[in-house]
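Here it is: the structure, laid out below.
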Amino acid sequence: MVYITAICLFFAVAITVVVIYFFFKYKRKTPGEVGVPIHGDMRLETIWLVVPLLLSLTMFAGGAVIYVDYRRAPLDTLDIYVIGKQWMWKSQQPTGLREINELHVPVGRNVKLILASEDVIHNFSIPDFRVKMDVVPGHYNTMWFRPTKPGRYHFFCSQYCGTNHALMGGWVTVMEPSDYEAWLSGSSTADTNPVVAGEKLFTEKACATCHLPDGKGRAPSLNGVYEGKVALADGSTVTADDAYLRESILAPNAKIVAGFQPLMPTFQGQLTEEEILALTAYVKSLQSQPVPATGAGVAPAGKK
Amino acid sequence: MPREHYLNATYGIRSWLLTTDHKRIALLYLVSVTFFFFIGGTFASLIRIHLLTPGGYLVTPETYNKLFTMHGVAMIFFFLIPSIPAVLGNFLIPMMIGAKDLAFPKINLLSWYIYLVGGCFVLYSFATGGLDTGWTFYTPLSSVYSNSAVTPAVIGIFINGFSSILTGLNFIVTVHTMRAPGMTWFRLPLFVWAHYATSIIFILGTPVIAITLLLAGLERMLHLGFFNPVLGGDPILFQHLFWFYSHPAVYIMILPAMGVISEIIPTFARKPIFGYSFIAGSSIAIAVIGFFVWAHHMFLTGESAYAALTFSFLSYLVAIPSAVKTFNWTSTLYKGSISWETPMLYGLGFIGLFLIGGLTGLFLACLGVDIHLHDTYFVIAHFHYIMVGGAVMGYVGGLHFWWPKITGRLYPEGLAKTAAVTLFVGFNLTFFPQFILGYLGMPRRYHSYPPEFQVFNVMSTAGASILALGYLLPMIYLTWSMRYGKVAGPNPWPATGLEWKTASPPLTENFDVTPEVNWEPYDFDNRHDLGLDVKGHPSLAPAHGDD
Amino acid sequence: MHRTGELYGQFETLDQQRESASLGMWVFLVTEVLFFGGMFMTYTLNRSMYPEIFGEASRSINLTLGAINTIVLIGSSLTMAMSVWAAQVGKKQLVTIFLILTLILGSVFLGIKGVEYHEKFVEHHVPGLNFNFEPGSDAGTNAHAQLFFSLYFAMTGLHALHMIIGAGLLIWLIKESFKGRFNTEYSTPVDLVGLYWHFVDIVWIFLFPLLYLIDRH
Amino acid sequence: MSDNSADTHSEHHIVSPKVYFTIFAALMVCTFLTVEAAKIDLNAYFNGLNVIVALAIATLKASLVVLFFMHGKYSPKRTKLVIVCSVFWLAIMLFMTMSDYVSRPWK
C-alpha cells in the first residue's frame, strides 16, 4: 500500500509538475508561432511502455501475496458463523452463543468467519482490520483475521442490500482470552448449542433413518466425515468441508459418494440458513466418532 | 458566416424530428443528454445535501437509495455513454474523414428515437416508485427483493442498449467505407481512432448487458430462477455478465474523452502529436484488453482465487495503454507553442484529473489493497475522477473546442476560463475528500454514517455546490453565444482537421466538393493554408521516430 | 440525403454502398452472437451445476418435432441461399419463388414450435405458470427443472422472435421482388436478409443439441 | 472512396446451386449423426464426450452455413475478421467466466 502510494504519488506529482512547467515555459509568444515538429521517439515510447509495466507487475505481486494469504485461512482457527439478513447480522460462537449485530472475539487468535446470507448479497466488513467479504446467498464465503488489540471496532455491511443497508452494522469486541472465556461461559446454554439443535433436526428431518452411524444404512455413515477425504462415484475425491456438506444437503445428487445410490431428496428451500448451520455443526461433532470399516463416507485410512 | 448551412437549410419542427443529417441528430442528442445530465445532477445535489449530517435527516432511507440509484442510471446509461460519441462523434466523424454523412443516416436517427423510448421507460420508472437497486442491479435484490419500479427501468436500459449498438455499428462502417480519398488509416484524427475503439465495445459489450437485464427482468416478472439461489440459480453469474459489459463501458466513457484531448492538445500546442501511432494503438488496446478484466469488480464475491489473480494481473495490463497516452500528451507539450485558451485549460484539467483517477485505479486492481477499499468511498472517488474528471471534462472541453464549428460563433473567453477553473476546483473539493473517507472505511451507498466521517462529507458537499455553479455557467454563456457570440469563421484556432476546412457552421452535405487529403495529421509546419508563421520557427529539427 | 435510383446520397458508388451495407449487417450479426451469448453463458453454468436434472428435463421435450424443425429450418436456409443466387444471376421470377418458399418453411418451423409450446403448456412445464415437473417431484428437482425450462423458453422464444422478424422482412422482400426490383446490379436487401436468416439458422443449429439432445441414451 | 474497394467484387462471388445443394445434403447428414450420437452413451468412454460430439457437429454445421450459405469463404478479409471476432469474444465470455467456477475449490 505504501509502495503503491509512493509510486503513484511520484508519477502524479512528476507529470503534473512537468505539464505545468511546459505550460509556462512554452507559452505562446507571438500569435502565428508554431511548435517544433517532433513526431515521436521510439526509445521514449519503449521506456514508458516497459517501466510502468514492470512497476505494475510488482504491485500485482505484492497484492497477490496478501490476497492469497487472506483467502487461505490457517488451520487453527476459531470458527464463528455469521448470517446476514435484511438488515441485521446474527453471529454464533462455536459454543452456540448467539449475538445480534455484535461479535466477540479473543485477542491473538486466528478467527475465521463463515458467512451465509438469508436473502440478498451482503458484505461483512471490518475496516479497522482491513478485511471484508461478500455474503452471498446460496453458498458460504469465509474470511479470517487475527485481532491484535482489545477494543471495540465498527463493522459494516458494505454491499448494498436494500432500504436499511446503512443501519446494518455493529461492533466487534476484541477481548483478552480470559475475558472472552468468562463472557462465553457466562451466557452459554444448552438449547442454543448448534450441535444439540442439529442433532434434533437430524432426527426430525429423517436424516437418521439412512445415515446410520455403523455404515449399514442406505446412506454413508457421517462419522468422521468432516474434513476427511470423500471418494465419489465418478472416481474423484473431495474434502468434506462446510461448502461440501451444505451442497450435499441442498443438492445431494451433485456429488454421490462411491458405492451409494442417488436416493437422497434435496432440502433446498426447506431449511433456513440457521438450520443448515446447525446440521453442519452436528455433522462436525461426529468428527471424533469411530469410523465404521465399511459404508462410511470417508475411508478410515483416508482420514487426515 | 455562410449564407446557407445545416442549421438554416430547412425550417420547422418536422425538419428536425425527421432529419437524417448527422449534425442535426447530434444536436438532438445534445439536448437530450443535457436533459438527463440535469436530472442526474439534481439527484446528485440532493445526495450531497443529505450527507451533510451523519444522521441524514433530509430524506428517508428509501428515498436516499432511490436517489443514488437514479443518479447512477441517468448519468451512466443516458448521459455518459451517449454524451461524447452521440453528440461530438456524430457531429464530427463524417466531417473528419471527409464524408457527406454517416453510412446509415436513417439508422442514426433511429438510434436517437430508441434512446428516447428507452429514456421514457426509465423516466416512467423514476416517476412511479423510483428505483432502489443501485445502478448495478445486483440480483437477487433487484430481481426478488426490491419493491421499486425495477421492471420498467430494466426494459428502458435494454431498449437504450440498441441505440448504443446502432451508433457503434454506424461508426465502424463509416470509418471503414466512407473515408475521403487520401484519408488513410494513419491519417485519421485520433478522435476517430478513439471512437472506432469505443464502437468495438458498443458492438461487443452492449448486447450482453441487454440480454442480462432482460433475463433479470424476466426473473422478476415471472419468478424464474436464473440468478436466484433459492431457485437454484447463481447470483454471481449475474455479476459476471453484468461486468462483462459494464467494465468495458467505463472505457466507452473515457476513450472518446481521450480522443477529444488528443485533438485539443496538438491544436493548442501547435505541433504534431507525440507518438501518433502509439496513441491510436493504445485506444484499440484499451478497448480489447478492457474486455479481459471484468471480474476485478468481484474479488470479494467468493470468486475463485485463481480467477482473481488472473483478473488482477490483466487489470494491470490495461493500465499500460492509458499510461502511454498520458506520457505522449505530456511530451506533445514539449517545445510547443502553448496557448492558454479555454479548451486547452480543459485539456490540462483532464490530464491532472485523469492521472489521479487512473493511478488510484492501481490501488483497486491490487488484490490485497482492494480487500480494504472495495465498496468504500475510495471507489466512488476513483470512478468519479475517471468519469467526471475525465469523461465530463473531455466532453465540456470538446464542446468548447468545436462550439465555433457547431454554431459558427465564439463564446465569451473570459467567462469560459472562469467556468473551467471553477469546475476544476469544485471537482477536486468534492471528490478528493472521498478518497480519504474511503481509506477510513466509509462504505458506499450509506444514507447515514458514523459521525467521525462528517468533516470530509461537509467538504465534499461544499465542493459539489461549486461544481454545480461550474456546470451552470457554460449552460448560460454557450446558449447566449448562439445568438450574440462573435462570428468565428471556418477555423478560429486554427486546427488541422478536415472539419475545419469547411464553413462554420458547415453545409448540410459538409463539403462543397469531396476533399482530398494529402497531408499528415496535426502537421502544422506544412500547412500553409492555416496562415501560421512557419518560417519564424527557430529550429526545424528533422522529424524522427515512429510516425 | 437525396437518392439517385438505388444509390443513397451519402455514398459515391453502388459498390461502396453495397460494401457498407454488407459490413453493417455482419457487424450487426456480431452483436447478435453476443446477445445470444449471454443466454448460452447462463445455460452453460446452470447445466454444469445440475447435469442430471437437465438431462431428465431435456428428455421430456419432443425430439421428433425438434429434429423435423431442424430439417425444415436448414431447408429454408437453402431456399434463401438460392434466392440470393437467383438475384445474382438475374432470374427475377426465381427470386420471388425462392423467397416465398423460404417464408413457407419459416412459417412451418414456427407452427411446429407452437405445437411444442402447447405440449409443454399442457404438461405444466411452462415456468411461472403452475410449473410442476413431474407429479411428486420434490422442491429442489422442480426448481432445477424449472431452470432448464426457463432457459428453453427464453432461448427458443428469442429465437422464434428473430424468426418472426425475419418473416416480416421476407414479406417485404417478396413485395419488392414482385415489382422486379432485384437484379444483377442491385440485390443488397436480398443479400442482407439472407445473412440474417442464415444466422438465425445457426443459432438453431446450436440450440437443437443443447436443448433436445442431453443424455438421450 | 475507400481503400478497400478492390475487395468488393469478390463479395459478389456467385456460388453455384450445386454447391448449395451439396452443403444442404451435408447438413442433413450431420443432423442425422448428431441425433444418433446422442442416443449412444458416449460418456461411458470419456465423461462429457456426448456434449463434445454434439457441439463439434454443431460447430461443423455452423461453419458450413457461414462459409457457403453466407459466402464467408468468398468475403473480404475484413468480414472474416468480423466473424472471427464474434467467435473469439463469445469464447472469452464463456471461457473466462467458467474458469472462475471450475477453479473455485481452493485448498
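Observations
Order of writing sets the labels: A, B, C and D. Residues in every chain begin at 1.
In this text, a residue touches a chain if its C-beta (ideal position, glycine included) is under 8 Å from a C-beta of that chain, and two chains touch if they have at least 3 such contacts.
The structure presented is a predicted model; accordingly, all values stated were derived computationally and were not measured.
Common neighbours of chain B and chain C, by the contact definition above: A, D.
By C-beta pair count, the most extensively touching chains are A-B.
The distance from the centre of chain B to the centre of chain D, each centre being the mean of the chain's C-alpha atoms, comes to 36 Å.
Per-chain CA centroids place chain A at a distance of 41 Å from chain D. Centroids of chain C and chain D (each the mean of its C-alpha atoms) stand 16 Å apart. In chain B, 176-178, 204, 208, 230, 232, 234, 236-237, 240-241, 302, 305, 514 are the positions where the chain touches two or more neighbouring chains simultaneously. Touching of two or more other chains is recorded for residues 1-2, 4, 78, 85-86, 89, 93, 97, 101, 106 of chain D. Residues of chain A in contact with two or more other chains: 71-72, 251, 268-269.
Contacts from chain A toward chain C in the complex involve residues 250-251, 253-254, 262, 265-270.
Chain C contributes residues 1, 8-12, 16, 19-20, 23-24, 27-28, 30-32, 34-39, 41-42, 45-46, 49-50, 127-128, 140, 143-144, 146-147, 150-151, 154 to its touches with chain B in the complex. On chain B, the positions that touch chain D within their shared complex are 176-181, 184-185, 204, 208, 236-237, 240-241, 244, 291-292, 295, 302-307, 310, 514.
Chain contact summary for the complex, chain B toward chain A: residues 56, 61-62, 65, 132, 134, 136, 138, 140-141, 144-146, 229-230, 232, 234-236, 269-272, 274-278, 299-302, 305, 308-309, 312-313, 316-317, 319-320, 323-324, 326-328, 330-331, 333-340, 348, 351-352, 355-356, 359-360, 362-363, 365-372, 374-376, 440-441, 443-450, 523-525, 531-534, 536-541, 543-547.
Listing the residues of chain C that touch chain A in their complex gives 49-50, 52-53, 138-141, 143.
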